[in-house]
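Got some structures for you, see below.
Note that chain A is present in both complexes that follow, paired respectively with chain B and with chain C.
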Partner chain A sequence: MIGPAYERFRLLGLHEDETLQYCANCKNCDISCPHNVPVSAINMMARAEQCRKKAPCLRDWIVAHGETMAKWLTPLPAALKNFGMDNPLTRKVLDKIGIAEKSPLPLFAPRTFRSLVRRLHQPANAKKVAFFPGCYTNIYNPMTGIDLVRVLNRAGYAVEVPDGFVCCGLPLISNGFLDEASANAEKNMAVIARYRKEGVPVIATCPSCRLMFIQDLREFFPEIVERYGEPDVGDAMRFILDLVETNGIDLPPTREGNIPHHFIYHAPCHLRAQGQGLPSPELLRMLPGVTVDNADAGCCGISGSYGFKSEKYAISQKIGEELFKTIRENAAETVVTECGTCRQQIRHGTGKDCLHPVSVLRRILDRG
Partner chain B sequence: MNRKTDVIVIGTGLTGLTAALAASRFGASVRLIATGAGALSISNGCIDLLGYVNGTLVEAPFAVMENLPANHPYRLIGREAVGQAMDFLQVELKGACPLNGAADDEGRAVNTLLPTVAGTLKPSWLFPDELDPRPLFSAKKVLVAGIKGLRDCSPALVAAGLGRQSCLRGVDFQKTTLPDPFDGVHRAVSPLDIARFVSTDKGLGWLLTSLGRWAGKTDVILLPPVCGCAAGGTVIKHLRSELRCHVEEMLSVPPGVGGLRLRDALRQALHEAQIDVIENAPCVSAEIFDGRCDSVTTAGPGGQMRHAAGTFIVATGGILGGGVTVTPDEARESIFGLPVAMPKDILARSGEKIFDAHPLSRMGVGVDASLRALDAKGDVFCDNVFFAGRTLGGYDDTAEKSGNGVAVATGWTAARAACGFCHTGVSS
Partner chain C sequence: MIETSVLVIGGGATGMGTLRDLCMRGIPAILLEQGGLAHGTSSRFHGLLHSGGRYAVSDNESARECIEENRIVRRIARQCVEETEGFFVLMPQDDPDYAEKWIPACAKAGIAIDEIDPAEARRLEPDLAPDARRVFRIPDSCVDGFRLVRHNAMSARRHGGRVFEYHEVTAIRHEGGRVCGATARDKITGETMEIACQCIVNAAGSWSGRVAALAGLDVSVSPDRGTLIVFNHRFTSRVVNRLHPSSDGDIFVPHGSITILGTTSTPASCPDDIEPQPDEVLHLLEIGEPLFPRLREYRILRAFAGTRPLYTPGNAQGRKASRGFHAVDHAGEGLEGMFSIFGGKFTTYRLMAERVTDLVCTHLGVTEPCRTAAEPMVPDPAPDVLEQAARYFPMPDLSLMADRLGDDLPDVLGRARARKENKSTNPLLCECEMVSFAEVEHIARDAGTHSLTDIRLRTRLGMGTCQGTWCALRTLGALADHDIALKKNPPEEIRDFLQERWHGLRPALWGAQAREMAFTRAVYAGSLNIDGALHEQEN
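Presenting the complex of A and B:
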């Protein structure tokens, strides 16, 4: 028993429930509650207090600190890092400290998004938009970020990637490192406030990072939100959809010979929790020749770092079972979803290729 | 601003789901805006049409609908619409979650009585296979099974209560408690936990083994709602054939295993009809010009968003669901701020006996025959906004046992009106 019911006992000092460690912070409880009870935040705060009493293990530190570890490993070439992390021997050692041997660890990209974007030529004297890349795009999947930049360049925007942005803090919170998450929030909010003053929108491609800003920061660090103002980070796909609807981006015309594309779309839980619908399938369906099926088959089970943990791996696969089955049975060869770790999990569970919707959009726009 | 659609349905309970599906079948493009999982998930999955009028048990609901007050939703939309709505739901769910009704000796459709974990009988109209009570009323031996660790169902209470019912006189009630399926857990177990377990091969095996010694030795086995999570009755049919007797579930308290089955079946139908669902998006206001609503605004965690549509169906629930906001001094419909009549005197808002009818339960939006809200002067408030389900006034779902019936009947009628299908009783 966790959530608000458990809080009564915990706050009275009557009972500590170990199963609190099994909450994946997927936020389906928040989606299900009609009365706005912040169930997931209650769980995460209770977990942070448990972690204050009993420090999290090395494994939890590792999965919570992807950004720090990537920084330490920067001097090494990606091939070596990946060999070092993903060879059978290391996986056995990692398994010993609690990272499931079979879990689908993401691989380091040859170059980070930040280093790649610096070298891109973007339109001069253009309208500005700031991009919060998040750790997954920056470290493991820079193509998502590059594709976003190119799509927005097409609409006459230059994309800035502020150096001041650090990890949004969600993996820190999910693993009980509330104080570090607070320090990150402070840094990020200072940058967001600066852009707000300049009237430049800030957007994110990762639904979990965005949810961290728009919802979780308010719950966990209200004093920081009060100091810096609204954490107004927009959804990148909604931003592009709005541009399309105001004719800011021209879509290719429908004509004879449009290549048919068939995708299956998975809505990440952290996007559904934002309460603004699903802009990506709506946008992709506007493209000529594109069919998008909505999988609508629940959570993929990974929940950020949850599904990588030895004691949770089997649960995580089981949660994703229905989604995997739906995707496997669908004729589409490519899965589209905004969340990086969802893509990691779906590839692992189905063997199908997974892309961020902005990558699909760029490919079709480039082809014209 | 979201892309414009023909019909926006606000609410994801039985009313909203029915309205969205019906509007789609009438040919409209539909978007559904949801806050929470909807009250269907805490209900039992049967459709109570009209169980009591003024405290008297109703046998044939359609025969007595004319005796209801003039502002009762059934009176407003008419008996025919109520019947069409029930047919619609049965046809739509024929494959995924078949709903049946009872008939008397002459083949006339009548209410049936469903046993509950409190040992009472509740009149209902349509029920899924899991709840089929018909063999119970000709049974000689009935086994009531509880489950160790499940606090919501006491076989002794059920047997004593049902034993007092005149229609079950002479029945030999036996009681048993099945072993704990989880071998002891650290929290209270709900029927939903067990239903999820029974959905697995291991869980089904546990249930069959636990009931094995009763196989063929009783006419009916009454269980709490634990026979799997999926709609369609696969588990219950398997149990009946293996145990060589009728097995049925009793109605229970939330979480509503039966309601969740029905909800899943309806959600699947919405999915197949490609109806967009926007979750976690509380609707906070509406933009009205010249007596027409252009759009509604939601305020989810991601921020405010406008949703434009040709027509709107409001199925946001009553006081508990958030569709009606009540302060000590006044009651208002939550999105449009429509006034809802409430007795001035606080004591006049509730009845004397707690289990009887209460004026508070009849509070809700007043509407015309096509379910458009009426303002204080009795004029239509907004041409293209239709209200359905517990948001409506004029009925007491608890005292009448008419909650899901009004939900389906008004949800379907609102969809028909919203899609421009003319209702014979409407002059406009």
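Presenting the complex of A and C:
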């Protein structure tokens, strides 16, 4: 028994319930609760308490500290890192410490998004927007970030990627490292507050990072939110959709001979938990020749680092089963979804290609 | 005709404590209770096991009794007490001079207090008012009144005592100025029971005036009404008192997974005047708010009221009336063998029982000393017993269940094990209080159980956040599946059960609670059409 029901007994001093470790923090409970009870936050805080009493294992430290690990490994070339990590021997070793051998670990990109964007020449646009890239884009999938920068350049924006931003803290919280997450929140909030003062919007492409800012921080660290004000981090796709609707960005005209594109879209749980609708399919459907089916088949099962863990891998695949089936049976060859680890899991579960919607947008805009 | 030496009237803490004391001293005794055990005031208070701090200034003698009994009850009734400790909090609106009187008064009564920095208090209890001026730690504890009565009964039974619930005394017989017996009516069957005895102990609390009247005596007992609010969460893990002269709504008591705020004090028209009113709830919220500023944001689970049996010779009323107790031998009024125990507090129930038993012993010429302070009421199960049993139960921690079951525990563990061996399940019927089928089955098969409400009182089923929305139906379904019948048919049981819950819900029916209630109604009246089912039963 977990959630608010067990929290009452936990406060009373009863034994911890070990099943709490099986909460994926997918937040579907938050979505369904009619009373807006922050069920997942209650679970995560209870788990942090468990972790204070009994230190998390090495595996949990590793999956919680993707950003730190990437920093340590920076001097090594990506090919070596990936070979080092993704060869059958290492996977056996990782399996021993609790990272499932079959799980779809992401590969390191040759260069991080931060190093790429520093060298990227952006037009000298007057309007500014700050981008919170998140670990997945920065370490494993920089193209999502580059595509966003290019789309926004087109709309007359210069995109800043502040050095002060660190991991949003979600993987830390999910694995019980609440204190470190608090230190990260402090750093990020200082940066966000600075931009707010300058009137520059801050946006994110990762729904989980954004949810962390707009919802979770208030639950976990109310005193930090009080000190710096509400972290008004916007959803990148909503931001672009607003630009389209106010003619801030021109879409290619519909004409005969538009190449037909067919996508299937998966709404990540952490996007649905934000309760802001689904801006990505709405935006993509405005593009000429594009049809988007909404998979609407629940959670993919990965939930950040959850599906990588040996004891949870099978559960994670089972959760994703319905979504995988829906995607496999759909004629679309490409899946579109905002969340990096969802894409990882969907590729693993369906064999189909997966893209962030901003990448799709950029390709079609570039083609004209 | 039942023959015994002593008849105790009243199955609350004092009466049951008296039965236990009599039996432990080897005196044959029986007890009659007009409702279920603890149906009166012993289950209708805030559940505070006083340290005595509240009475230190106004009645130092009572305070001393409280701290002494507090230590004893914590020792003999470990399963009924949660040793939370308490805070006394001086707020800006309180008189700082009172604290200066209170500190030496506590020392005089033998109550250990320890002043802590208000910031430290806030660290321990984050929801406490930030503007608290001074905070003192004190050995207050929380006690489950109902469980304490039941565990006393278990102990009394082990020493030969007999308990009759739902038996109302209708007459007290005496001959030549001596008590010789009583007549009671079984409220379930309607049958009459005759008892022959040498002594009667009137421990009927708020009803003791009526009982005395049956013997032709006139005593001054004024029921005084106290209303309390139950919140659905444990927002404080300590008892929190205002450091000022006793007043309404100044005590918060965590009680398992809930918190109780009490109490009001108004003269009651009769001992059964226990329907809480919305204005009392609003009044309590207003005066409770200084200690917990976010009070109005918490969901109120229900409100309830009880009547204090104030002993009021000379017509003192309300908070001015003494909280002390009086053991009376009515021989002085011409009736030998008749004893009454008036007034008092739950915390000192054992001492009250001891004093009245002393009087009875003197009358009967028994010299056996009182041993109730020395012997624990129910044995603790061996730790490995619970660990091994955990795999038969759907919850990770059996201590809640073990503590409430006392002597009933071995049977419940046996039932759960048997179910596992038969490959049947032992589902959780009540998640709010963690009650599994095996526990419900044991209680439901007990001869003293007649209704879902009886099951509730012994298991706490239906007393948590859902207030019966889920567990009532689930439990009746499970009982029907196993051919365990209660007194009434299932639709009637559900109606009565929900109706009883409704009395407590109604006075605080706004906000989140109103929504929950609408939901419960939709489930039972809409989806399940309970009214329709009742009509079908009637036809």
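Please note the rule applied: the second predicted complex is superposed on the first by the 367 of 368 C-alpha atoms of A that agree within 3 Å, B and C clash if a C-alpha of one lies under 4 Å from a C-alpha of the other, contacts with A are read in each partner's own complex, and residues count from 1 in each chain.
Note that in this section a contact is a pair of C-beta atoms (placed from the backbone, for glycine too) under 8 Å apart; a residue touches a chain by one contact, two chains touch by 3 or more.
In this text the structure is predicted, and so the values were computed from the model without any measurement.
After superposition on chain A, the partners chain B and chain C are seen to clash.
After overlaying the two complexes on the shared chain, residue contacts for A:Thr74 are found with neither chain B nor chain C. In the superposed pair of complexes, A:Glu245 makes contact with chain B only, with no contact to chain C.
More residues of chain A are in touch with B than with the other of chain B and chain C. Applying the stated contact rule after C-alpha superposition, one finds that A:Leu11 touches chain C and leaves chain B untouched. In the overlay built on the shared chain, the residue A:Asn87 is in contact with neither chain B nor chain C. Once chain A of one complex is fitted onto chain A of the other, the partner contacts of A:Thr254 are absent, as it touches neither chain B nor chain C. Looking at the shared chain after the overlay, A:Arg272 reaches chain B, while chain C stays out of its contact range.
Within the superposed three-chain model, A:His35 lies in touch with chain B and with chain C [touch as defined at top]. Within the superposed arrangement, the part of chain B that overlaps chain C, taken from 27-35, 63-71 or 153-161, is 153-161. Overlaid on A, the two complexes show chain B and chain C touching the same residues of chain A, namely 1, 17, 19, 35. Interface residues of chain A, counted against chain C in their complex, comprise 1, 5, 8-9, 11-12, 14-19, 35.
Residue ranges of chain C in contact with chain A, taken from their complex: 82, 233-234, 237, 256-258, 395-397, 399-400, 428, 431-432, 434, 465, 512, 515. Within the complex, the chain A residues that touch chain B are 1, 17, 19, 30-36, 210-211, 214-215, 232, 235, 245, 272-278, 282, 294, 296. By the touch rule above, chain B contacts chain A in their complex via residues 1-3, 35-38, 41, 186-188, 271, 274, 276, 278-282, 298-303, 305, 321-322.
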